[in-house]
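Naming follows writing order (A, B, C and D), and every chain is counted from residue 1.
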Amino acid sequence: MKIKIGIVGGTGYTGVELLRLLAKHPQAQLDIITSRGEAGKHVTELFPNLRGHVDLRFSNPDYDALSACDVVFFATPHATAMYSMAKLIEAGTRVIDLSADFRIKDVKLWEQWYNVEHACPELIDMAVYGLAELNRKQIAQAQLVACPGCYPTAMQLGLLPLIEAGVVDTQDLIVDAKSGVSGAGRKASVAGLMGETGESFKAYAASGHRHLPETIESLSRVAQHQVQLTFVPHLVPMVRGMEATIFANLTQQQKNQSLQDLFEQRYKDEPFVDVLPQGSHPETRSVRGVNTCQLAIHQPKNSSKVIVLSVIDNLVKGASGQAIQNMNIMFDLPETTGLDGVGLLP
Amino acid sequence: MKIKIGIVGGTGYTGVELLRLLAKHPQAQLDIITSRGEAGKHVTELFPNLRGHVDLRFSNPDYDALSACDVVFFATPHATAMYSMAKLIEAGTRVIDLSADFRIKDVKLWEQWYNVEHACPELIDMAVYGLAELNRKQIAQAQLVACPGCYPTAMQLGLLPLIEAGVVDTQDLIVDAKSGVSGAGRKASVAGLMGETGESFKAYAASGHRHLPETIESLSRVAQHQVQLTFVPHLVPMVRGMEATIFANLTQQQKNQSLQDLFEQRYKDEPFVDVLPQGSHPETRSVRGVNTCQLAIHQPKNSSKVIVLSVIDNLVKGASGQAIQNMNIMFDLPETTGLDGVGLLP
Amino acid sequence: MKIKIGIVGGTGYTGVELLRLLAKHPQAQLDIITSRGEAGKHVTELFPNLRGHVDLRFSNPDYDALSACDVVFFATPHATAMYSMAKLIEAGTRVIDLSADFRIKDVKLWEQWYNVEHACPELIDMAVYGLAELNRKQIAQAQLVACPGCYPTAMQLGLLPLIEAGVVDTQDLIVDAKSGVSGAGRKASVAGLMGETGESFKAYAASGHRHLPETIESLSRVAQHQVQLTFVPHLVPMVRGMEATIFANLTQQQKNQSLQDLFEQRYKDEPFVDVLPQGSHPETRSVRGVNTCQLAIHQPKNSSKVIVLSVIDNLVKGASGQAIQNMNIMFDLPETTGLDGVGLLP
Amino acid sequence: MKIKIGIVGGTGYTGVELLRLLAKHPQAQLDIITSRGEAGKHVTELFPNLRGHVDLRFSNPDYDALSACDVVFFATPHATAMYSMAKLIEAGTRVIDLSADFRIKDVKLWEQWYNVEHACPELIDMAVYGLAELNRKQIAQAQLVACPGCYPTAMQLGLLPLIEAGVVDTQDLIVDAKSGVSGAGRKASVAGLMGETGESFKAYAASGHRHLPETIESLSRVAQHQVQLTFVPHLVPMVRGMEATIFANLTQQQKNQSLQDLFEQRYKDEPFVDVLPQGSHPETRSVRGVNTCQLAIHQPKNSSKVIVLSVIDNLVKGASGQAIQNMNIMFDLPETTGLDGVGLLP
């Protein structure tokens, strides 16, 4: 029995990445991929890497047809999925939303950061925040899964063991994160030109980035109190890959070994979180194209700081891979189904 | 006495490059830089590298004010300058056009390749093709200079000695050229995103590129008969730099040394053409940021082929630097004035 | 029944690429990977992308143990495999050599280009040149397969249909090829530093490259006479990917369509050669990580030239993927076994 | 009157950068450049960008000849200059050391981090730490100037105003810094290959980097007590450029404007420190090739954090440009002499 799949908004990088991964997923049956702009075009005209692997044309969104799918992925920009979500939910279709529309429970907070009125606030409550390493059981039962953003994924996987164990000061968490340019999506812009982003490095949104409130909300649920997080994202002159360098203050004397153990214990059954040996420095290329998060823990000498290094592929564990991981959970498949590739190094 | 300068269309890469170079030109006085889209903004808001060097705001184009300049540079997309050229020419203002509008004498050919009717065909004849190494004397007297495209510059500097000396078959010239992404300009597009162009290589326009007809026309004037040229451009995942690999058939037995001599003699008085020692392979980085073309000549064993390797910075000798070189000639300044920098390696 | 596999020289880029691909090959059993320099180290210490996929340590080469494998891959630098080949051949082990040692039948020619005496010239004759699209039947029976170089693969796949059909002048073939830096291997050098190769482009070996003689020898066998080929390789500032732009003169009037047909017919049963629709420009990223060669054919107007654009991943179809393709043929497996991935775009 | 200059160790990136900048310095007379490995070669054989600008050959180090220079730059790896420093100091020659040998006053601390016994600890005291923005007067009188490392330069320029004004908690300073690959120098290595560093991002030395103790020592002198600094460096897949993102806790309520004012006041007379307007995000490309540090100050909402973003060109303000700035001060020249270029953007 195959899972019948629809994808809304398939011309962006998370769309083509869903296609790349689902094309090799043994239980996936790609039925529909929509795009208003490219309706009628074969997917391989836009993405020649799919030749021989995906035989599908973009179509205009048809929510009746989409409702007939077992699951619909939204790979749309933010503030898009919310306008058509109700139809699918009413029809009983399961939905995995890669966008930001249902990630934040506090709708006022969401509206403040996304600068638009939410179109269906009544559905926010039913949405499960799709970080499997945190909410696996709820995801299994969910009709609507809101996949975390790429930065929130890299950050939370690095912070969860520390917060859950109560060993760091949750009022002073700092994350300095870096992303390849594909994180900004595949839409015409000057800022995203290689002439603007190549061979250069910069911070952006240093005073506040949209991925901050969802991370704080989720981590605060874990901590059972409001956490304080400072977050600065940066743009790296590469296509794929994301790194988060996390700084926290230990609230009690910790030996290196015990922190290493803490992380290894926390993630020992997680198929997609890989705690590297002590002293390691994870590289984004080691997880290129795969759903793995690699972590390393460092403690500078004579210091109460702990530094966690976290790398993911922003388009896989940070987006489409995580979405498929959630689909696997929702449809009771082994979680690694279709996600067992090896990172493309070099 | 300073030269009063206006720039039309200053928000693209050739615009900011004119500013970068003219800011250090001892005879240049930057008076006007126009941009409809950014009128009112200080140039340093768009280009923070100019802070402390250029104190100017973008303004809406005002052709009366521009006419009062000693020289006006057009750094506009093609099919733009031609609409306002007549006003400046009538006013007696000297104009250096970096765009394609006046490069081709055969107006029908131009219209065919640029797919628009020419707005002032009567001015084409007065335009001098601004390759100083070929037309220095005419440039000195010109009111309107049409600067060559970047590819045509790299190609012609590599081919001129061979064609002038009559040692190659002009009916079978081949150029395989490669450009950094800044050659495509600074305009919003999907194709120019780093997500589309980074970490990848491709040919484009293999069946015909707009820089072909101007090159053929100019080289045919040199040869005094119609030449045949096959030209394939490619996109390199880097910001700046252009390389042309030129293949031609020697029509008579040539010793390596004699070709080397031929090139060295041809360019011995040229300040911006540097013939490298035998056996060299020029790198684009050696001319990064400067107006130099570096050339090397190779002859494979047991072959009648000659291979010429030609590198330039597409934004300098391929555009703004060459334009300033022409200005220096037009205003009887030493040709290297303001253009004597050292390439930024690494 | 699994195929027991040994790899000699596993610390280079073709070595790790063999591991990446074989880790997911359903019939492959990785038994031995040798490295004198890294003996004792776990492969994942060097290549963390293999964590969870390959559980193997580098060992010193032991030819008795290697002989017990069903097949041994040599992923060594040139002039290395030849010193230990005899032992394996005598033991009856099948060998797939990714290096240059057995590619050229004319041993004097080989010695001239590789500048060393061949250590076992008597084995050259038994070696089959491992371009499956040309020599599939011989590969199936071979004990020793010499895999083509990366450039020769990209070139020959683009030239074969033209030469076999006799429609081009074989005395004037030109290939302008471009490679990512991984083609130079994973050995300490100044020339390979990112500080030397990043954000720059250059030709190299313009007077003659080692991949030329093997290509000429193979194509001359196809043509049944000596062909003339001019070949200039270039270095692209990216890690993976190779493009060849091929220029040839048509010997008779050909319509575009007929050339397109010629290529499509020639490759219609080839699983790894993909002829793109007319007008296409293949990008290296479309075949990143996969064993596919994508081709496009162009004919400039008013010209007797044909231009073929050919892209491969230099480490896959140009090396390790092609080697596994040959293994599949030798062991009578479906040719795409373990090689059916989707290119990593973007 | 020209300044007669010698350079020891001229084949690295800081060496060629000294040559690039000094070639255009109106008071500089390049007399000697040493390299044991390349003695006899013309500098333009290694660095073709210098053709037409520098006419000099590498020579073996001759300390008598070097002593006759007005100033000698050491562009050597660490633990090299210290072996020959005494001879030059005794001869009365002024020395500007770009290496780490004389940066740290606490010789035990230096020996611990650099893992070698210091060869002339008696000269450490006379060395002036060459951060002009901090020690201008002492530099003017110094015989021996120890130029700061690249990271320490980017960090200190961002931290000085805060520490001097006493507005941050000096016991909890955090710097997350990122460097282009040229920072690792121009020496053969596997780790520096583009195949290893291209299209990937990673932290390194997260538990402790050699640039940490010199920064702490210098900042502690400013603070007049021992500061605590956590520092994690990262490698960016680009050639040039460095960014430091600095996190500190404000010890008192500060308005954005007042911090902006604080920085602008502190640096209002500094020719090479440029405080960007509020809300800016400095890019490394804006200072490519020039001696400028661009800074921006951010305060996240509802937070006592201040975030300072600091960019430099690691080879200019982070090395060779800063060294020439120090030379200008030592020889009583206007500080910007030869250093007034415009950043190469794009």
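Operating definition for what follows: contacts are C-beta pairs under 8 Å (C-beta built on N, C-alpha and C of every residue); 3 or more make two chains touch, one makes a residue touch a chain.
None of the values given here were measured: they were computed from a predicted structure.
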Count of contact steps on the shortest path from chain B to chain D: 1
Chain whose average C-alpha position is farthest from chain B's own: A
Rounded Å distance between chain A and chain B, as computed from the means of their C-alpha atoms: 45
Intercentroid distance (Cα basis), chain C paired with chain A, Å: 36
Whole-Å gap separating chain B and chain C, where each centre is the average of the chain's CA atoms: 38
Chain A residues counted as touching two or more neighbouring chains: 13, 182, 186, 195-196, 198-199, 237-240, 282-283, 285, 288, 346
Chain D-touching residues of chain C, taken from the complex the two chains share: 13, 181-182, 184-190, 192-199, 237-239
Contact footprint of chain A on chain C as seen in their complex: 13, 16, 20, 23-24, 47-53, 182, 186, 198-199, 239-240, 274, 276, 280, 282-283, 285-290, 292, 294, 315, 340-346
Contacting residues of chain D [partner chain A, same complex]: 172, 174, 176, 178, 180, 195-196, 198-204, 206-208, 228, 230, 232, 234, 236-241, 243, 245, 247, 249, 279, 281-285, 288, 296, 298-301, 303, 305, 307, 309, 311, 346
